[in-house]
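Here chain A shows up in two complexes: once beside chain B, once beside chain C.
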Partner chain A sequence: MIGFYQFSNQVKIVAGKDSINDLAKEMALLGARNILIISDQNLQNLGYVKKIKSVVATNTKLRVNAVYVNVKRGSSKQTIEEAYTLFRDNSCDSIVACGGGSVINTAECLKLMLATKTKNLEQVYGVNSAVKLEEVPFGAIPTTVGGGCDIAQIANILDETGKSSHEIISEVMQPDVCILDPTFVMSLPEERLLLGGMEMLFDSAAIYLDKSYNPISNNYALYCIRNIVKMMNKYRQTGKFDEEVCLMLQESGVLAGMAVTNISGGIAHAITNSICDCTTAYHNLVLALVFPKCLAYSKDREGARYTKLLQYSVSHERFRSIDSSNYADAFIELVEETVSIILEKYNLPKNLRELGVTDEMLEQIASITCSDSSLISSGRWYTTTDVCNILKECMGDEQCQK
Partner chain B sequence: MKRRYISKTARIKKYNCIVQSYIYASGVKACYKYDSRVRQIFDEMPDGYDLVVGVLEHRHAAVITKLSDGLHCKIVVDYVPSNKCIQIMFKNMDSCTLVLKNYVSFFQAYAQGRFVTYGDNAIAVKFIKAFMIVQCYLSSISKRKAHIKDALPLEVKPAVIKSRVLFRGLL
Partner chain C sequence: MSKIVDNSVKFIVGERALENLPYEIRLAGCSKPMLVCDDMSYRLGLKKSVLKAFNGSGMDIEFIDQKVGDVATCDDVERIIKEYNSSSCDCMILLGKKSVVSVGKASKIMIKDGSFVVAQYDGKALSDLSVKEVPLFIITAYFGCGIECSNKVRIYSKDQKTIYEFDSIYAQTDAVVIDERMTDIMPPKSIASYGLFALAMAVDGYIKSDERIYTKPYSMTSIEILSKNLMKGILHNADKNARKELLTAVVVAGCGYFLIEKQLLAVVSDVISDRYKVNHANIMAILFRHYIKMTKFNKDMLGELLPSFVSVEEYAQIGDEHAAEAVLHKINSLYEQVGEYVDYNKSLKDFHIDKSDFPTIAEEVIASVDAKDRTDEYSYSFIINLLEEAY
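And now, the complex of A and B:
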């Protein structure tokens, strides 16, 4: 049925330099009184938790009742349950999460449990099945840049074994307010910021190419690509990630996040998620290695749609100079070139083998990929053989390709 | 007690949904026998695992239970969920009718948010794939091509599954 789609986003964005100072006002407007801060040890050492506490203290109605900083990489069921106990024991009524994907995932799941009045996380597993019974004010302060984990409605939770993850999709878990303060991401290493930018670019391209696209997500995705290109040009001029460039990155993250949360990312995301489940690699680095190969793999079927992506990624002059029959190839080349420049410059792994993926792991990764929900909305039937073929391309050695 | 008024059209739609859900459940049962991909998905599940298909507002739902001797399907009123079940519940009767009459594929319906799922999403995705295979068997060639861009290879002739649903599933 063409023309039927759903698009939801209910997050208030407060962006700009020192926008953190608006946190207290925004939380008070949401009806918060006793706050639980969720973060991780690193960010506490960097003084971010202290900063949030001082901002909260500016409003006499608000109080920080508890701080939870034990979130480790990849939020787990146990972590969420610990945060839940702390929330209840300290009579908190609202959450402020400051951190990257794992911290915000933990806070989102905690909100989901509280809003649905559930004590067991397993009861809220599912896709859009949670029913909101209670308001839990939730403010998010992202400290990483990427595919919009701060505003996404998707959370991946590691099980007790820590080897497989459970995906929860629900609008109920979204933060109510998201503070985009560039000072919170400026401490990130340059390569993480660049890879974050690349991740958003690939997210947007994947959304645009997805079969289940909708006009709103498409426009967010295309605008995000334009924003990233602008940001890259600015970075080339200044040679550093200043506040302006960081804010542009964060804005792009929100745009990509809004789009990706309503559409899943297709084969590249499915493979990336599976590899991240099996290794300890960063999501954006894996996506950078996998995405160009997925583009090349889908060229025969979707090559025509690469034109628009190319148009948004290069200047008008350069676009006009490319022969119309080579648009798809030019786009793939552009992506490969950009990725290889970044990987080369920061001496990062250039293929999956260098990342620690072995031939023995390919079958397992392919099997996890095939049960990823991102593949369902792509509208294609991918078999483990298809996925293995793409993975072999990404392994980066001729012997494996044979 | 005041009885809730349900229009005749809504009642027909409701029965239609129940019958179609049951036909699909029978389709899954038939495919379990003839299609290795569907068999593999269900064989990975422990015995006693339930797959429930229905409409959110309805009390009736088709339940496929995996037991040691194969799959069993039935219509259940007021299903009580356990931790060994996946529920695929359509948001309304129209969405259910569109999907079960093969106008919209299961993949499309998932992407369009026409149904919600309860339970582990990784397992739900596998069941949605199983339903997609069943849909390919039960729909016409033109609809099958429209549903899946790359033609999904069928392991047996669709007529085998269709006849099994008609003569063994319903009777």
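And now, the complex of A and C:
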């Protein structure tokens, strides 16, 4: 097959314990002088903003000109516009974002507007090839773990109603440098860390299953799975998320991010995005509920590719003990088992109904799913009936399943 | 201490990849590219293909330099800098051999710093301040050279007695274009050598340390491609897809290998190729076969590469305790298979390397690396043994 594909990762990674101390040097290297810090109220209360300010102060070339901590869960147009005004009013020239997906999405969109000299955010909605006209140095310090949103070229922005989101995809919006310091995630509850690890695993599997041919992305996805398995083994040995395990988790997120940036997330992500639009559930929890059912539903047409995923998910010896005719089923079982252990242990919702999704919402979710870019660009065709069928399986309702 | 990985290169691979280049140049905010190529690219019609790809794109090549020879010299760099500045170009496209890539990267660093004379330059970027940014695009030709994504390049004085080493993050490539049309003239002998060179970079780049987490997937990609396409490319020379895949394997393996600290294998190959004016890739391919048997590596890490080398069926047949052994066997059998069909140079003797030079080569290798960066392998006896085995 002579196809066409691209692979890129424009983000410099600085990883390790106390790597936050490298922030000032990295920002100065990028030409930053007057910084806007973007974060949220909670992280400010935890002292993270103060920590960043003290690190920035170690370099005489740098100044923090403004701090914006009004990012709420789910970045919105209004939030980005407020940050934009603050940036301009305080003569800032660079951004440091410290937070989870919402904070980093806000900063990414702000960078996109500034770098392309766009005043109206709506002009950059969707996939865009806006040309960078201005350098806006941008450093990201992720405080959550997940599927690599920290370095991806995609941001989801809620509209004015707060009920549906707009996707923005652009190379220009990526951070220039990403600081992976485990101390910034160690305060997360254990279940958030485990769900984050699971999200990366499912992201990687979904990327590998994507129909488009991109061998580099595929190998990043497979290596991410291998790294998460190693991380889980370390976690089992120590029984805790110490610095080493947290760093492995953060690094796996970057690997998944490198892969996902160049390929789409497929059906499970499309459904997850749509459910998150309609509920207040966490992305990684929804994905944990949806992913195993998507795997089972798509087994007939994609099952052969589950073999490679199984190969990287279990030990060599365990793989050898599985009959070759059962590879696909074994992979589905492994995923179901992993999800169920975590949900059980932390008493989390076991199905979409427990999460607050009602039967009345299913059609709307299915309809949004079919127009989600993760699905459209995956090269696989799913109808609203397919999606409804998968959703019914996820409701945990015996009657619906029949 | 923090691990730092900065690899912002974009790979543009496959059908009509060349035609995407003007778009990428625009995306970087540029419109006046300078094309640097070698004479062979002109004679083989590769330059013509590039110009054709720009037809109708609304962008013209502002200036073309096709004077770079087999060796990257200071004169080349100084000439390119002058031409770039006087033509008011805003980015550079490189097309050709390793010498073209080296000259382009060195010029990029020096233009950034506003420098003009290589001999007065210490090879590191002067500061983080930029006089002029030079977005760099590489069209891989023939079979690539492995340093497309590297930050380390070597420039030679006219008499080739002095080598200026450049090592700077500012040498980074913005995008690499991999298009099968650029590999049309590759004979099986070259495919064999470059395929084995890619294998050497990919395996050596993977097994050394866990620190390379972000670049290991490049090694996996390269090995997977080589396992499927190396023999295909040699036996079915007309198979354009196999050639494109093999070209990708070289570039991607090099990206993983040269982004991190230089390994012994690369240093020894450099010293020999400088001394005897022979191709670095060929020497490294020869050395690797022996080196992998002699070096101390982490067995588990080598075993991790097994899925990239074999089919799922084969993988299921091999026990975990034999995984590393199976990888070694696969490497050896790739060399055997290639050797069965192609009469490529298989030993240092074939390159007329003089055995009596081995002590000097070993000393030069050790001296070329700072004492603090030398691993246990940088011992006189290890290097001599390696050279003798490869002889």
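Here are some notes:
Here is the rule we use: the second predicted complex is superposed on the first by the 397 of 402 C-alpha atoms of A that agree within 3 Å, B and C clash if a C-alpha of one lies under 4 Å from a C-alpha of the other, contacts with A are read in each partner's own complex, and residues count from 1 in each chain.
Just so it is clear, contacts are C-beta pairs under 8 Å (C-beta built on N, C-alpha and C of every residue); 3 or more make two chains touch, one makes a residue touch a chain.
Quick caveat, the model's predicted, so the values are computed rather than measured.
Which of chain B and chain C touches more residues of chain A is settled by the count: it is C. In the superposition on chain A, contact of A:Ser340 is made with neither chain B nor chain C.
Legend: residue contacts after superposition of the two complexes on their common chain; A:Ser91 is shown touching neither chain B nor chain C.
When the two structures are aligned on the shared chain, A:Ser129 is found in touch with chain B and with chain C.
In the superposition on chain A, A:Glu167 contacts chain B only, with no contact to chain C. In the superposed model, A:Arg380 lies in contact with chain B only, and not with chain C. Within the superposed three-chain model, A:Asp372 lies in touch with chain B and out of touch with chain C [touch as defined at top].
Residue contacts after overlaying the shared chain place A:Gln10 against chain C, while chain B stays out of touching range.
In the superposition on chain A, A:Lys211 makes contact with chain B only, while chain C stays out of contact range.
On chain A, the surface patch touched by chain B in one complex and by chain C in the other comprises residues 1, 4-6, 129. Note for the complex: chain C touches chain A at residues 1-17, 23, 26-29, 128, 130, 175, 180, 213-214, 216-218, 220-221, 224-225, 240-241, 244, 248, 252, 303-304, 306-308, 312-313, 315-316, 319-320, 323. Contact residues of chain B toward chain A in the complex are 83, 87, 89, 98, 103-105, 107-108, 110-114, 116-126, 128-129, 132, 148-150, 152. Residue ranges of chain A in contact with chain B, taken from their complex: 1, 4-6, 122, 125-129, 164, 166-169, 211-212, 263-264, 301, 371-373, 375-377, 379-381. Only residues 1-16, 18-19, 22, 28-29, 31, 129, 131-133, 171, 215-216, 218-220, 222-223, 226-227, 251, 254-255, 258, 307-308, 311-312, 315-317, 319-320, 324, 327 of chain A touch chain C when the two sit together in their complex.
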